[in-house]
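This structure is in structure tokens; I'll ask about it shortly.
The first chain written gets the first letter, and so on, giving A, B, C and D; residue counts start at 1 in each chain.
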Amino acid sequence: MQHPLDRLAAQVAPGMKLAVPVDYGGVPMALTRAIIERDIGNLHLVCVPTGGMQVDMLIGAGLVKTVETSAVSLGEAGGAPRFNAAVRAGEVHMLDATCPAIHAGLLAAQKGVPFVPIRGLLGTDLLANRPDWRVIDNPVREETDSDPIVLIPAIHPDAAIFHAPMADRFGNVWIGRRRELAAMAYATQTTLVTVERIFDGDLMDDEMTAAGTLPALYVTDVAQVEKGAWPLGLWGEYEGDTAEQHRYASAARTADGFAAYMADSQQKGAA
Amino acid sequence: MSTPATAHEILIVSIARLLHGTRHVAVGAASPIPAAGAMLARALAEAADEPKLRLSILGSVTHNFFTNGSAELFDCAAQGRIDAFFLGGGQIDGTGNVNLVGVGDYPQGKVRWPGSFGSAFLYFHIPRVILFREEHSPRVMVEKVDFISAPGVSEKGIWRKGGPYALLTGKGLFGFECERPGFHLQTLHPGHTLEEVIAATGFDFSHDATPAQTAPPDPTTLALIRGRVTDELHESYPDFAATLRQTVTQHSLKEQTT
Amino acid sequence: MQHPLDRLAAQVAPGMKLAVPVDYGGVPMALTRAIIERDIGNLHLVCVPTGGMQVDMLIGAGLVKTVETSAVSLGEAGGAPRFNAAVRAGEVHMLDATCPAIHAGLLAAQKGVPFVPIRGLLGTDLLANRPDWRVIDNPVREETDSDPIVLIPAIHPDAAIFHAPMADRFGNVWIGRRRELAAMAYATQTTLVTVERIFDGDLMDDEMTAAGTLPALYVTDVAQVEKGAWPLGLWGEYEGDTAEQHRYASAARTADGFAAYMADSQQKGAA
Amino acid sequence: MSTPATAHEILIVSIARLLHGTRHVAVGAASPIPAAGAMLARALAEAADEPKLRLSILGSVTHNFFTNGSAELFDCAAQGRIDAFFLGGGQIDGTGNVNLVGVGDYPQGKVRWPGSFGSAFLYFHIPRVILFREEHSPRVMVEKVDFISAPGVSEKGIWRKGGPYALLTGKGLFGFECERPGFHLQTLHPGHTLEEVIAATGFDFSHDATPAQTAPPDPTTLALIRGRVTDELHESYPDFAATLRQTVTQHSLKEQTT
């Protein structure tokens, strides 16, 4: 029988623009390893709004063409070694952003509008390197002086992937107060979710659980994967495995070390 | 008599002073010293019966007042609800520009750092942005940053409500003068000299002939740092809280043996 | 001792731009009656996104100068009689909108931007009568043909008022999945809330309750008022009193009938 | 043999036919007949083993799939996740314009209705907007609306993904032809004539010389309406479900006595 994780990974196609969550927001690490096993490449990652070990691994595995992000780092474990090396080598195309600009792009997609304006950003080298961002003179200004403002075009990912504490059998997923996960789902037509457990009942039946629920309407497929965020943590569920994160960080300093780490971890997964 | 203030404690009390009068301070996930400074400011405000200071620590459970996902911090700043924030920077230059992206020609530079995070937005929105970097060296304090993640000043006519308020390093405290624009050395931390700071700084800054020394915390304040603040820090930064305790002990042993 | 409701009403000043919720979203009817008793006039109501009995009563009491809304109706109980009469008599200034335009205006305030774009609206008489709304040529369009799009300026209410199931002693308010209440609060600096009950604990302490909580950061003041939405209902708590709604609807057909209804209801309140 | 279809049941089956092939239908709070039609379409899709039809009823608890406040319906439509929706209208004209605001000169007209609700947005976003108004009279079906809450057609170059798909009234069913633009009478409901419809309609519409009659539901479909659909309706529209049951009974008594 096909593992549910493979069923999810099979819905990620090469070349997709993939929205992925922030390290503390519910990163589907098990699904990420399944994507790496299947060698699904040429990906455009949209980090919402920053990336971590997941992004570093996908880059290390040579599967990433473009990274759209406001940062990539391993947090306490330091800089993201495969990311940093790939950027220096010009192996990934960078779309450097700032956190609220990523949120603005997804918001525009959620609202079905071509852009959303944002304050700030003027005079930065971020703006100078993003020809897709536009500057216009604020058309609703009250004074006659000019008032330049940046417009962020809608970001339409092909798919969003994340890990959450629970889903019910109807496809509703409980995301609690991590509402950027909903924003990711609103912005795309394919949302693939791994969860720690299946909730026995309907999350929408009770106002208390419904308040933190992403409705099935936005969810394409769900697979139960216990410890699906390991070695990262999952809010309200478990802490990150910092020893493993440091082990990765030091292994991934070289391409060979990274390869050895991944081979070892695939072997563990197969065992 | 208690052990004199350590270098970290000098930074913590300096931050608390910079935060005086604020109502809501946000602190990044990996910023134990700013968090400690904010906790001290909160404790001091409470003791002086001043308005309550609210502290949001990104990634913390106890200090997370947000329920609308990771966009809420930025919305909250844009609504004028955050008075102070901290920015680090791989490079900081004399006009307050901050570089969090890398060294050399973008994008394929010599060194790549994580990225700009929210700096390009928050620097425009939050009135008191405190530039905080312990390392005070010519590679950090540069004449001109290689990449502007967030600019220190903006041209007239650019919408801007926030910006640099101070630069705090391991060697001293600078104020920021928007009109020039540039930094002014306000105080030197104990044990540091003007000559040393000039040598360690890649940009020009103004200073008095004999800059004052950063005042150490008074005994009550020092007791607050070593008691309540260290306890509060423990939840979000257990390692750093332990380090703080250890440093004080070592410091004290050193004092006794010399 | 001052009743907590009076403490809240005292924070509503004449001439304020007041954001009020949709009829099924948690309308603070008890607070509305307190505002009417205090005769706080010259109000600019922003209905999020439509109004009902609350708006009709405030208009009937002569306290409303401007109504910004996508509709005002008593729902099952029919048209809003005092609203309809006041519009026909030219006694209120109308800012007719459409639901998502109201949401867009509040969103712009939430995001700290001067406007948010919206699709649709072109060719309507709504747009023709809203000189504050602007039409520009979409600056991020990919084709060279023109692509007109409407910009909705930020709506900055002076205060938001609503009724919710519960708050804790720290000022956190549980709003469940009625997230437009949060949107109202984000957009303003003064948010006054009545609640059915006080939650014994900290709503932010548990991820389940936190998911539906508007943090105290946005809440100016809270007063406990049981059945505070009566005669309207409160989602998840109690149904509307349809008999009373019909009684109001028929009384309010005339100015005298309205006055008699209000006098009667104030008397009941005082008893 | 079961009682023949009532006028309401003719409307319900007509709506179900218009919804065939849709995946997600949204219905306003006070729209029992559209809701019944959508419930029937859902039951028929299920019976035919076709893709599941999702039904969102605004204000309903059981049929509310939203958790992001009252803005979510509009976002959802803008994301292309809603295939069909219903609009009424105090006035509807021959080019599909809808007026929900009032009669006479705006703003101080002779009659004021509630307002435009989401029509000015949803009409642009939802592919199959079904104009539904039971009252078919010259005061509703006008030559030109007094106020355009939502326009039937837009000029070339205006972004638009949705618009009028059909007009269903108590007398008949019209299709909408975007190119002309205008309505075409497709079928007359049982008991109504072309002359009557022409007289009751303030705008011109095209029609065949002898329009077909709206086909009544087949016995299986009728049984679904009277069974499952009426039961499902009960949660959101108890009064209307009771009326439906009562009408069938009266209808049946009338049939028996005549």
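The criterion applied here is as follows: a contact is a pair of C-beta atoms (placed from the backbone, for glycine too) under 8 Å apart; a residue touches a chain by one contact, two chains touch by 3 or more.
All values derive from a computational prediction rather than experimental measurement.
Undergrad: Please give the intersection of the contact partners of subunit A with those of subunit B.
TA: Common contact partners of subunit A and subunit B, which must touch each of the two, are C.
Undergrad: Taking contacts as defined above, which has more of them, A-D or C-D?
TA: Higher C-beta contact count between the two pairs: C-D.
Undergrad: Rounded to the nearest whole Å, what is the centre-to-centre distance of subunit B and subunit C, using the mean of the C-alpha atoms as each centre?
TA: It comes to 41 Å between the two C-alpha centres.
Undergrad: Taking the mean of the C-alpha atoms as each chain's centre, how many Å separate subunit A from subunit C?
TA: 36
Undergrad: Between subunit C and subunit D, what distance separates the C-alpha centroids? Give it in angstrom.
TA: 29
Undergrad: Where does subunit A touch two or more other chains at once, residue-wise?
TA: 107, 111-113, 118-119, 147, 149, 177, 182, 210-213 - these are the residues of subunit A that touch more than one other chain.
Undergrad: Residues of subunit D that contact two or more other chains, please.
TA: Subunit D, residues with two or more chain partners: 66-68, 78, 125.
Undergrad: Which chains touch which?
TA: Those chain pairs which touch are A-B, A-C, A-D, B-C, C-D.
Undergrad: Could you pull out which subunit B residues touch subunit A in their complex?
TA: The contact residues of subunit B facing subunit A are 29-30, 59, 66-71, 74, 78, 100-102, 106-125, 147-151, 154-155, 157-159.
Undergrad: Which stretch or stretches of subunit C touch subunit B in the complex?
TA: Within the complex, subunit C touches subunit B at residues 109-113, 182, 186-187, 189, 204, 210-218.
Undergrad: Along subunit A, where are the residues that touch subunit C in the complex?
TA: My answer: residues 104, 107, 111-119, 132, 134, 136, 138-141, 147, 149, 151, 153, 175-177, 207-213, 235-236.
Undergrad: Which of the residues in subunit C come into contact with subunit D in the complex?
TA: Going through subunit C, the ones touching subunit D are 22, 24-25, 48-50, 69-73, 75-76, 79-80, 83-84, 87-90, 94, 96-101, 103, 107, 118-127, 129, 145-149, 177-183.
Undergrad: Touching residues of subunit B toward subunit C in the complex: what are they?
TA: Contacts found on subunit B: 24, 54, 64-68, 75-81, 125.
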